[in-house]
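Dumping the structure here so I can ask a few things about it.
Each chain carries a letter (A, B, C and D) given by its place in the written order, and its residues are counted from 1.
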Amino acid sequence: MREPKPQEDLQAIIDDIYRELTPRLGEGKVADYIPQLARVDARHFGMAIVTTGGEVYRVGDAEMPFSIQSISKVFTLTLALGKHGENIWNRVGREPSGSAFNSIVQLEHEGGKPRNPFINAGAIRISDLILAGHTPKELIGEIVRFVRYLADDENIVIDHEVARSETATGYRNIALANFMRSFGRLDHPVEHVLGVYFHHCALAMTCSQLAKAGLFLAAGGTNPLTGHSVVSRQRARRINALMLTCGHYDGSGDFAYRVGLPGKSGVGGGIMAVAPGKASIAVWSPGLNDYGNSLLGSLALEMLAARTGWSVFGP
Amino acid sequence: MREPKPQEDLQAIIDDIYRELTPRLGEGKVADYIPQLARVDARHFGMAIVTTGGEVYRVGDAEMPFSIQSISKVFTLTLALGKHGENIWNRVGREPSGSAFNSIVQLEHEGGKPRNPFINAGAIRISDLILAGHTPKELIGEIVRFVRYLADDENIVIDHEVARSETATGYRNIALANFMRSFGRLDHPVEHVLGVYFHHCALAMTCSQLAKAGLFLAAGGTNPLTGHSVVSRQRARRINALMLTCGHYDGSGDFAYRVGLPGKSGVGGGIMAVAPGKASIAVWSPGLNDYGNSLLGSLALEMLAARTGWSVFGP
Amino acid sequence: MREPKPQEDLQAIIDDIYRELTPRLGEGKVADYIPQLARVDARHFGMAIVTTGGEVYRVGDAEMPFSIQSISKVFTLTLALGKHGENIWNRVGREPSGSAFNSIVQLEHEGGKPRNPFINAGAIRISDLILAGHTPKELIGEIVRFVRYLADDENIVIDHEVARSETATGYRNIALANFMRSFGRLDHPVEHVLGVYFHHCALAMTCSQLAKAGLFLAAGGTNPLTGHSVVSRQRARRINALMLTCGHYDGSGDFAYRVGLPGKSGVGGGIMAVAPGKASIAVWSPGLNDYGNSLLGSLALEMLAARTGWSVFGP
Amino acid sequence: MREPKPQEDLQAIIDDIYRELTPRLGEGKVADYIPQLARVDARHFGMAIVTTGGEVYRVGDAEMPFSIQSISKVFTLTLALGKHGENIWNRVGREPSGSAFNSIVQLEHEGGKPRNPFINAGAIRISDLILAGHTPKELIGEIVRFVRYLADDENIVIDHEVARSETATGYRNIALANFMRSFGRLDHPVEHVLGVYFHHCALAMTCSQLAKAGLFLAAGGTNPLTGHSVVSRQRARRINALMLTCGHYDGSGDFAYRVGLPGKSGVGGGIMAVAPGKASIAVWSPGLNDYGNSLLGSLALEMLAARTGWSVFGP
């Protein structure tokens, strides 16, 4: 593999990417199922890279907070693995879903057991699992503290407007949760579980914060910036494996093919990606492609991977 | 990543794996849909590793030929990409299938376009694509020559008994091909396409041959043993990406999680796996797990990955 | 067709049926998804026939009220047709569902439009349609008054315990309603719609009341006992057609084949059936068959049809 | 029910219908999946009624033969019930399919057991059942003789051009048959079964012949014109029930709602319908509606039912 050269090179690369994409800013379709997301300006674009060596590179709106939405599922999965270990796989599968991200069909076909922790049903089930012994409020607090710890940044907060809006209009997620409940697949009241789910999806973070928060996955489970050991080396690999196979809904295969890095997207237009041993990357561009993943964000990562030679499928 | 030590170490590791698995030989269910596969002794076990540096390690029945079946789809995909380039993705998707490997449901749902080139429907479509300008017989000859070239071994042949048997009783594949034809998705007569498909699936290879044939995928597209440049670096990565997301039918997510290496399984009990930059691995054990992948073969690869530290999701 | 003879004959026939079925009372599985239904004694059995000439025949527990559940969907459909006419078919289909009665799969496949007004999703949509211009409470009152008018009996009431219980635990129906809402297929708040739905399903009626309430369908749209013209002759036929093709969930074809009369079943074990031009019949036996329809109730109707010669598929 | 008046009335009614529909002749989409069907002039229209009293009424192209296609499934079902009785229901279901008529999805979901004898898969299975003890050629001869016997007309023949064409290009039916075979659901070789199926679908009949052939179903199992007792009264009813619930693919509910008579359509544009106790009706107009049933044929039957008052859901 052609190794990326030191600092100046990575900065030059993302500057180039930003320049090349600038004429296309605004492409894609901004998520509009809740007003708070719909009114985000489609022309935002930010990108941040944090290397395992501790260097940070930024371009565009890398310091502007956005709604991380489904990217938060990586953090709740990490918490769930910490609390319950491999037992969670009795409750949630780990296979790609092969259909639209909020599809209820597969769920019925499989008796209410979600295919993986990154589709909505699976993440709702994960919220349910980590609720054990907590009130929703306590758990939401714990999730926020965990993400702050990962990113080493006390300024990360939940956007309560977004959370409220999802609570009021997230009909499909309400349907999914009640559907799982009807199969006896939730341990806690539907409103508690959804309360947690809607709040962790409403976390607002910048690209820089997000890249830092994901760095432990690029570095064998330990955040090299803080020295915090988050998960074991094996678990970091496994979370990366799940992101690669399931992280982009029904576009996961396409992302793996074109970008070649584990990543998790959110409907707010963010993507967190991991180049194992090299860096953690966050990109944000609100316009979505047909799969519901950031259109220019995916493209920026494809360009980055091509120019740095970063790919888990190398050399 | 903990690097595997030189030669003696890898040999010791696979010797250990073989020893540990010996009491379990015969576990799993041998494919019985055609007699030629059903009468294989379930207790066979072979494994071969060829490193990018050229060392070869073997254990058990590594020199005994077996029916590679769906592993051959990697080779026909490689041919198709060579002949038609990225245009093939207009005809075949590249997303995990999310359901049983020979499922016809998704195919109907998506108007006869197969989800990916590694499910049966997709591989049949690939056979159809590479038939352009050839008779079936010519193409079968070309495929055999290509695999011999990859493995640098003129002794590789098709088991015509197996091919005949599939032709006579491969009802589901006949159904899939006619189904795609009914959507106008095949360019050539059904019997021609299936003739090619059944024959390339009937290739008989040893673990050693298979590991050598896959080495170009571990080494950036060029076989370091022969110096043959097979595909570009980027294409090798992309084929690896497809193997990782789609290579084990509905158990692809599980394999990625547990083993962490791109691989392709066949119903004959073989698996070809790739540790990019390190080695190509082939394992054979006829008993299958519930997903239709080799039970002990998957386990052997999981053990190998754990002990060598090989994982694309490292470090 | 062998015409049933006058009064004594029909009474003798249902006495015979009751006698023959007595050893089997308790067979089938009582619905247990809400406690109020689960604690009903499985050995109840009642049957009532009201002829278009005004004779009434009863046997067993024909005067004991039970939860009519989905049978109420016939009455709300009749109301909806009265209020909105054939326009309702833009919102609800009229094809058999071909899958389990509360399946959410077909609903997603068809963009949130229910297949017919007798599956749960369709009846929820009907509740939504007739809510226009009403509060839920008003509408529930109107439905009760309508059923009392049909049966000419002021004693018919809603079992509020059952309604409360469904409200608290009817997760699948809550899922269905939210799912339709997510497709923009409900005009009113989910809780209002479900409030109506759960209450009309909780109507408690006796076999005698139910047979009287359905008599207008046997008599060309007019109740011959009261002289009330409920619907046109054509509409009565059409409601009968819907009951025949869709009235027994995924067992509708079986019921048509064996019984040959339009009918609507409820999970409480009741069935209301119609012999056009002859009689309206209600039967109640709480044990359900695999399709979720009354096991002995279906059998009793099959015996009645065989002995009277009543069948729409005659002569 | 308003009884239709004697002969002159029925003739006047169908004359009226023909006159009213004349401006619309050519509407709908002629089946084009085989050339022999595609080249039929879309403006043909014929209708014939044979009453249980023996009167015959005709209008338009009532004496022009057309390809009856799926209408033939009623005759093979009748043969199968004669040979195997109610045991056939262990092999074929009798529920409406709830999806497109040649859908393979439900078939896989239900392990290769067709939903009912009128979808293609079910009729193929019926052909397989009645093949027991016969060569395909013998059975095809028997089917032709049976239809001639029903219609009391020795001139009925198979259009071998159509049969050949289906054999050459009926990919979807070939897929269905192989698919069932892969589940072990066919007792005879696929080509034999399809040979029978394609030939009985290629029967060419006139409206007059078809109406006569169906008369036994309107008359309690016995053809009143010939005195031939074809099936028992109960069996005639049951076949009518199957036609009503399953006779028009995914438009069966719609046909029952609008027309109210048992009927079976064919992709050649024919419909055979039954008014129990009154008459047998055949109509032919090649243009199809979205469900694959004759557009103007369905409409003509709806008009006939409205004007005669014929409906099984009467009075």
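Keep in mind that, in the parts below, contacts are C-beta pairs under 8 Å (C-beta built on N, C-alpha and C of every residue); 3 or more make two chains touch, one makes a residue touch a chain.
Computed from a predicted model, the values in this text were never measured in an experiment.
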Distance in touch steps, counted as few as possible, from subunit A out to subunit D: 2
Between C-D and B-D, the pair with more C-beta contacts: C-D
Geometric centre distance via CA averages, subunit D-subunit B, whole Å: 48
Chain centre separation (subunit C, subunit D; CA means) in Å: 32
Contacts with two or more other chains, residues of subunit B listed in rising order: none
Overall pattern in which the protein chains touch one another (line/ring/star/complete/other): ring
Which pairs of chains touch, using the document's own definition: A-B, A-C, B-D, C-D
Residue ranges of subunit C in contact with subunit D within the complex: 1, 93-99, 106, 115-116, 219-220, 233-234, 236-238, 240-242, 244-246, 250-254, 256-257, 260, 262, 276-277, 306, 311-315
Sites on subunit B touched by subunit D in the complex: 103-105, 108-109, 171-172, 174-179, 181-182, 190
